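Letters are used for the chains, namely A, B and C, taken in the order the chains are written, and counting of residues starts over at 1 for each.
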Amino acid sequence: MSLAEPSAVRRLENRQPTAFLLATIRGVGQVDLQPCLWTGAFILAALWAAGWQIGLFAALGAALSTLTAYVFGVDRPSIALGLHGYSGCLTGIALVTSLGHHPATYVLAVIGSIMCTILTMALTVLLKPYGLTALTAPFCLVSGVMVLGAPSFARIWHGAPKEVASPTSGSTAITWSDLWHGFFTNVSQIFLVDAWYVGLIMLVGLACAGVRVVLFAAAGSVVGIVAAWALGAPTALIANGIYGYNAVLVGIAIGAVFLAGTVWNGAYALLGAAVSTGLTASLTSLFKPFGGHTFTWPFILVTWVFMAAVPLLPRFRKSG
Amino acid sequence: MSLAEPSAVRRLENRQPTAFLLATIRGVGQVDLQPCLWTGAFILAALWAAGWQIGLFAALGAALSTLTAYVFGVDRPSIALGLHGYSGCLTGIALVTSLGHHPATYVLAVIGSIMCTILTMALTVLLKPYGLTALTAPFCLVSGVMVLGAPSFARIWHGAPKEVASPTSGSTAITWSDLWHGFFTNVSQIFLVDAWYVGLIMLVGLACAGVRVVLFAAAGSVVGIVAAWALGAPTALIANGIYGYNAVLVGIAIGAVFLAGTVWNGAYALLGAAVSTGLTASLTSLFKPFGGHTFTWPFILVTWVFMAAVPLLPRFRKSG
Amino acid sequence: MSLAEPSAVRRLENRQPTAFLLATIRGVGQVDLQPCLWTGAFILAALWAAGWQIGLFAALGAALSTLTAYVFGVDRPSIALGLHGYSGCLTGIALVTSLGHHPATYVLAVIGSIMCTILTMALTVLLKPYGLTALTAPFCLVSGVMVLGAPSFARIWHGAPKEVASPTSGSTAITWSDLWHGFFTNVSQIFLVDAWYVGLIMLVGLACAGVRVVLFAAAGSVVGIVAAWALGAPTALIANGIYGYNAVLVGIAIGAVFLAGTVWNGAYALLGAAVSTGLTASLTSLFKPFGGHTFTWPFILVTWVFMAAVPLLPRFRKSG
């Protein structure tokens, strides 16, 4: 949180409805691991710019899972930081994107948001002995389960969603336009949005969270593009961000949040960003027989593995 | 254990063969998480009513895995409670149902029962730090592995088993007959049996274990039916219990065994029951490319997640 | 380490380049869980005998992942024992076997070796509470991910590898030639090599590590053949070692390394060897929709489960 938060904000948080509203906005920012209020606000605005359905379901998901945390009696400080909103936010977007805008989708968004809060707490308990956190795994699990099961149910299934892009074919020639499009859509694809200006607004939001955050987000995006190009990925998938959004998240998480700011740590973060790019292809192939939902699994798995190893790799050092 | 157990039973347990017999019968009841002797006896009778092969393999599996626990030196109190019989019981049923009644199936039942005991202990060690138990996961793992590998081996494979029902198609119109059939087959499908009278006898057995147990079993069954109907599942699959057996188990486990008897806890158990119903479709789709063996995974996963989260959700409280 | 190591070797280890060289050779032997220098040397020679590409990539992989451990500051004693070379060694072989001998394969071998060291440390942290070790899981994960993702990338994919043998069909008549071929290829298939003389040289190397090691390796190989024959596996797959290499590893690991030398423990190890043979078919079927990469997963899963259960099975006792 680089921007000073006026004491007015702090005072507002003592009032119940305002506290809830601020926690929800922070929840949107926590998708990028940032509790900064401005980051959440910029990202939420970017999502509305991507389309009212996406903006609405992102806000609904973040609000509902935050509300669930209140109702279930979760400790207030973690709620205030937005830690119970981010998985619901992404789940809302994934549901409306995958299942379409139907009344049943609203019902599923409610159930999905409740499940996100339960899963966040379950994973927090399971991962605590290893010093790891849940990251966006609750979102991936809830959305994966729902999208996988949906075609079995007549009342929630309204035909196949638009074809998921396949990472296995296509030209590898690359242009300047592909490159700068990819740089920004890598940021927006974290939220399943393929639009460069949405990514640009989000980067502005990340800049509010601090120079190091936005630098590692940008570096992750560049590494994702370079790695995908070096491997020989189809240009179309580089340009629309499919191969880079996990690299952005890994860059932020390892580079700017979990590890201290040393050169070795930075190199470790960028290695993780490159690895997540390759892993994206593997997981997409793995999930293909079931319908193809990679979501942010590459980011989650790389960050868990890289961070779990740190206690035995003295070259690297956790932050704080 | 609501029925008073006469001291005669206690005395009998001191004799080796009788102790073994009682542990085996209790093992059958432990499939529904009940150590009550009468519950086990009623359920075993119901399984024989479903067919002699099912009754025989259920008894064999429970006896063999209990025997393995004796031979491997497992602590006696947990054996006496039937905690080493329930996975073997289900494995026996799954093997004779999936592979047919052949000499090779008896051999596999022996190996499967030994593996159930080893896996139960391994999972007990792995899950202990989180206060979780193995549930029926040893059964799901052993049976899943055996049924998956069987077609590769000429001496144990005698042609494809009867088609597993697909949850992805069929009419959703529902009748009174479908409803009450589903209510009872939800209980019998826990043991892979599709017969309402088998479920009825089992419910009588569960009633021996206490009012709260039978009430939550019934409530789980109702929630399973309602959830499947609301989602738009094919009626045929509701009526034969495919969508509700996990809900019954979740109802018993969270509602009557692991959590204390509060209104919030009851609501949490029924939410879990509903979630397990949806999860059944997802896992069936997930396992389909490999041959389709959902077994009781939805119950296991929901119960693990819901119970793992409880320490961080002060609204809910563990029993005892 | 049954062979006395002259103090000259110890003195050499104090010099940096020699220490690195010895750690690399020991790393090759650690694939069979043996830190003995002679075992590593014999196995490395056997791999060169199998083909210069296999020998080269095995040495490269072991050297690179050992080097990574030095660079990342891993504790020296574990490096000296070869504990950071074995996964890289197998990864090198898997990559050149699956992707062919191309410049890109060298680059992937570097990245794969780095990832092996990170994954080894991550798994060491995750498994420590249970007294388990990483075994060859880092190799299986890195190679599995790379082979799965490779077809998506134009610059590293040069056409489908040669067909993976299917364990689901073929004659089950067996000859003396099949039997002794299988006995030795069971040992060489640990390194993805199908050649009886390679297995023979490796057995000589294992004999250098001690009588108990080579006896349990041989017993595991025999159990693997008998179990596969009893189940009715196709003879061709028994003869080329597909069904027995996991049994050899389980025999060594449980029989000669992790458990004390008692009759019960030996029986437990051979039960594990038989179970790993059956599990090989199940996992091969499981991985088939994605391209079929069983690697040493059956060994890893059986050893983890069997060893995790030991603390609750007083019949068996850990070594040391």
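To be clear about the criterion, a residue touches a chain if its C-beta (ideal position, glycine included) is under 8 Å from a C-beta of that chain, and two chains touch if they have at least 3 such contacts.
Since this is a predicted model, take the numbers as computed values, not measurements.
Superposition angle, subunit A onto subunit C, using Cα atoms only: 120 degrees, a multiple of 5 between 0 and 180. Subunit B and subunit C touch with mostly distinct residues; of the residue numbers seen at this interface, under half occur in both copies.
Put simply, the C-alpha centre of subunit B and that of subunit C have 37 angstrom between them.
Of all residues in subunit B, those touching 2 or more other chains are 129, 289, listed in ascending order. Subunit A contributes residues 71-75, 111, 114-115, 118-119, 121-122, 124-126, 129, 144-146, 148-149, 151-157, 289-291 to its touches with subunit B in the complex. Here subunit C touches subunit B in the complex through residues 129-130, 167-168, 172, 230-234, 271, 275, 278-282, 284-286, 289, 304-306, 308-309, 311-316, going by the rule given at the top.
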